[in-house]
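I've put the structures underneath this note.
Common to both upcoming complexes is chain A, partnered first by chain B, then by chain C.
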Partner chain A sequence: MTFFPFQLPAANPQVAMVAAVLVGFGFGFVLERAGFGNARKLLGQFYGTDMVMLKVMFTAIVTAILGTVVLAGVGLLDLRALADGVSSETFLWPMIAGGLLIGVGIVASGYCPGTSLVGIASGKLDALLAYAGVVLGQLLWAELEFRGPIARFHRSGAFGHVYLYDLLRVPAPALAAGVVLMAIGAFLFGEKVERMVTKAPAGPGPTARNRVFAGVVAFGAVGLATLLLPVATAARAVPAGRIAPEELARRVLSEPWKVRVLDVRPMDACTKERVPGAECTPPAMLKDLSLADVSPARDLVVVGEGDLAQAPAEIRAYRGRVLVLDRGYEGWRAWALTPPALPGEGAAPSALETYRLRAGIQSALTGVKAAPPPPTPAAGGAPVQRKAGGGGCSG
Partner chain B sequence: MRDPDRYWNPYLAGVAMGLVLLAAYLFVGKGLGASGPALRFAAVGLEAVAPSHVGAVPPLAHLAEEPTPLANYFVFLGLGTLLGGLVAAYTAGRMRAGVTKGPTASLGLRLGLAVGGGVLLGVGARLARGCASGQALTGGALLSAGSWAFMFAIFAGGYATAWIVRREWR
Partner chain C sequence: MHELDVARYSTLIDPQLHVWGWEIPVYLFLGGMAAGTLFLSGLLSMGEGPRSRAVRALPFLAPLLLAVGMGALFLDLSHKLHVYRFYLAFRWTSPMSWGAWILLVVFPIAILYGLATLSDEDVAAVSARLPPLLARVLADRRGWARRNVRRLRMAAMIAAVGLGGYTGVLLSALGARALWGSALLGPLFLVSGISSGAALTMLLPGVLPEERALLGRADVHAMWLELALLLFVLVGLATGDAASRAAADLVLGGPYTAPFWALVVIAGVVVPAAMEILERRLHLAVTAVAPALVLAGGFALRWILVAAGQR
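Let's look at the complex of A and B:
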């Protein structure tokens, strides 16, 4: 069971509003105290005098990575579900182009959108103009982004939700430990550049820095240690979610390459009829699929005879998302293979829409596949009459 | 004594910011961001003067059609960011009206580049589906591959420009 993220704010708009203001308050306060409301201080990053952007941003990223990875390691958080919900999908080329533009924009304006808010709060006119520029730029691109070739570029390099631990095929805690080491290396290099550019002698041992380094290394090690916990093996494998027949039908029809359906009913039941594209994998065969080692890019959907409380252990070892079909094949049969009831007079448009969808899927899945009724053989088994002549090319 | 030139240790500030981000993940199920509200302001403003034009531009129409386009997580987050910055700047003795620029830069150059740079930030944030906080920080800490590519591109773009505009800052 995972406890995070809490769903409370979603249920109550007032709580969500207050929570958003509180999070923003913390963000703005820390940005200001780090010196990001001061454009000249921030720009020290790009002139080598003060690597404050590298230090603050990268320490923040490392801290948040370690927090999520350790919580996920002990089973309190579903890391992939959180990431899918919070981060945007990868569109590689526009993201690189946008990053280059933002890099130019930060150095030209002295702010990034977040720090310009803090600059405004500190009374800086240039910050206000920079944010006005942001509004203008967003509007400009919103006018263009859906037109012709620009729209194609805007959607290019689409890889969906893809994470560094998928690309490198390592567990998330191992990747987090790697990021910690990389960050410490980058910090030491940044400080060396600062000393070279400002020609200042190395000051007395910066104890705060060393404590932070020790802290992130310790948490990185805790993250790695969760890999050894027996309980964590079950926790790391994402707890199975549920998928309704309707959603499964949509996915196998519209994006079959993103989903893999495993039918764990007995072999003969599965070979007779199954969800389109499903593999027949009775429980005894599951270990041959070595699901723990295959790429976790596709979502796995498990189909049982009836409702499965939990996916089999071999499937839970899969590193990607596992979904259990609601009410199993029974549910599929009832939803997709049974003609839906006709909606009554004056039914809501949404009910009509659902009816059309179900009727369409039902006829596509049953009508096309069902063989036409066999012709009744003539009594006496008369031999088939060949045409005597006339017509046709053989005539 | 309040010293306007004294900032937090950057590593401790980074830990504090990471904890704010973690709290946003865990208790709200969202991240940080600052560019999102900008387009909402633009859509609401434009809807008031030219509603037919807004209807013809899908990304704007999509926002303007919401019953309350400004009652949004990122708008309140931005409001909180302003408030937090206000309290921090005031208590540190750094709240002073003015323009930040290098000693030899002209006011016109500085203000022109502030707007021009801001436009690039706005376009870039739209292209990349987030700005430095919404995409690099929020997605980067969730190890999203696109966010990391974006982050390196920011530094590349910044270093490529720094020499050209050095008169603005040095």
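Let's look at the complex of A and C:
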């Protein structure tokens, strides 16, 4: 799909980078207008005198979470692909240490990396120094990152991609609703702290605050409502299509990036032999694939031992196209791993093409060299005279 | 000496397409900025009221920038000792020949015009450090320059337009490079040079607030014009023949898309223009960020056009 004058960002990383620059400038502008180019504003957070930073950041987090969850719920966004793409993997101990260190840096300088850039744009010298510290720290870390004990520490507590909704085993919209409630609690608590410390009413009035609360609660409710949509549920009752071995072979060979093959036979049978590129996923493993959340871009082909009447429920939760291989792996074996019969004289071009494909696949998968075509018989004439002693150039 | 002035490309004839390195964009940037400072010094001196020392000395900045730029250009020459040959002939059909002579003319005009804009105190301070003979020559020339200040100002502004425009015409004359095949490159480089000149002047210490406001307005106008010209160039390429469309694709989805739109259009034009407008309307504190972005964007424009045009 093209969008004048560009391709869509998903198809072109260059455009995504331009979008990132635009978002970056917009983010900086909003931060500056909100007063975050001033170190006192950020420090007020830690002294309890000005909780606006907490409110702005929590509002941003809630907006992003709800927007993502709603878009994923209506099928416009691949939540897990996005999460895997943009979030770093969890390294527990270095992350705890890094979090504490950056907290110390924020309190000492009055800036976080983002607001220090905003401060620089506002002409603040202390912001420039704070950002110089950020750059210096990154350079230092880049030098130390792969050395001895620091490298070991850097890799410690590796858990891969960990998400709260996986840990708590709740749907993402339900977790988002929980974060909304937490944000409202933090707002109220922050205002209470502010009033206690400054001994004066602070922050927006009740009307403005209630509007914000009503907005995020309504948005959270929309997120929860998406759980009822068919695209987001595992109970989607779309019948799986069928695919013949020949068609599967063509797709696996010519456009493997458009197809994902799941072999649901027992692990032993699958690891012994399988369709090229197939993943061995016995039924017990299917739930770990979270197929309801993955991108529906590729067609999913299910390979059973024999002919499957329908795909397992976990696979049917997939939002893209699901195809069941005709006659399962038996069908594949009969078509792809058995030498094809030679087409007879006057065979149709399509039959010859199919023969070539089958013969090629069979020889490639079984390691058997394809038989050469029979030699063309001589069309008459005198037989070639050979010397009794064999060939050579000696005359 | 014959230039490459035919539209062809063959790997047998031109095995190496990318022949211009860092020297050319540096020269184009500094040349354009020199043109901008010279043009703006003429513009600023037309207004009423006393001018700051930085603005009075502005005409001298142009030859200084140009000299550094020409140094980069000289480094790019394969046969450096042959440089004098540019000045043994004048080919009116060759932009490079025009450019060589324009570069030569800018120096005396800018220096004489600079002498006319200096105040008596400036001249006294400079003369005190010079030998008596040179001080007398300076006083004589300044006297002549002050008597002809209006003509010199006009000559300086015309030379500035010629210098700023020629850098773009130089590129567009090379028909074999489809990306440069637009007659709008001359005006584009001229307005970009004026914008860069304004940004550099705003960064000079001692510029008065009213001068900065005037420079800011000139800068914003130049930037909007630059944006419009950039879009016209791209539309012209995108609706042209196959080679032009392929050239346009370099910045419309191709490998130069992110640098061009992020550095030139967004960071170099749109954001600083918005910042200068907001600073003026909301009476915000003036910072060096917008001028610095303009300078970076002006340099990126030339760097990207020169690099992408040679693909």
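One rule holds in what follows: the second predicted complex is superposed on the first by the 211 of 395 C-alpha atoms of A that agree within 3 Å, B and C clash if a C-alpha of one lies under 4 Å from a C-alpha of the other, contacts with A are read in each partner's own complex, and residues count from 1 in each chain.
By definition in this document, a residue touches a chain if its C-beta (ideal position, glycine included) is under 8 Å from a C-beta of that chain, and two chains touch if they have at least 3 such contacts.
Quick caveat, the model's predicted, so the values are computed rather than measured.
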Inquiry  = Tell me the contact category for A:V21 with respect to chain B and chain C: first, second, both or neither.
reply    = both
Message: According to the stated criteria, A:T281 is in contact with first (chain B), second (chain C), both, or neither; which is it?
response: neither
Tell me which partner A:F159 touches in the superposition: chain B (first), chain C (second), both or neither. first
Between chain B and chain C, the one with more contact residues on chain A is chain B
Under the stated touch criterion, which partner chain does A:T226 make contact with: chain B (first), chain C (second), both, or neither?
neither
- Message: Taking the superposition on A as described, I'd like to know which of chain B and chain C A:N12 touches: first, second, both or neither.
- Response: second
Q) First (chain B), second (chain C), both or neither: which does A:A121 touch? A) both
Both partners, chain B and chain C, contact chain A at residues 5-7, 13, 17, 21-22, 25, 120-123
Counting only contacts in the complex, chain B reaches chain A at residues 7-35, 38-39, 41-43, 46, 57-60, 71, 73-74, 76-89, 92, 94-102, 110-111, 113-133, 135-162, 165-166, 168-170
Residue positions on chain A within touch of chain C in the complex are 5-7, 12-15, 17-18, 21-22, 25, 120-123
Note: in the complex, chain C contacts chain A through residues 234, 238, 252-255, 257-258, 261-262, 266-267, 271, 285-289
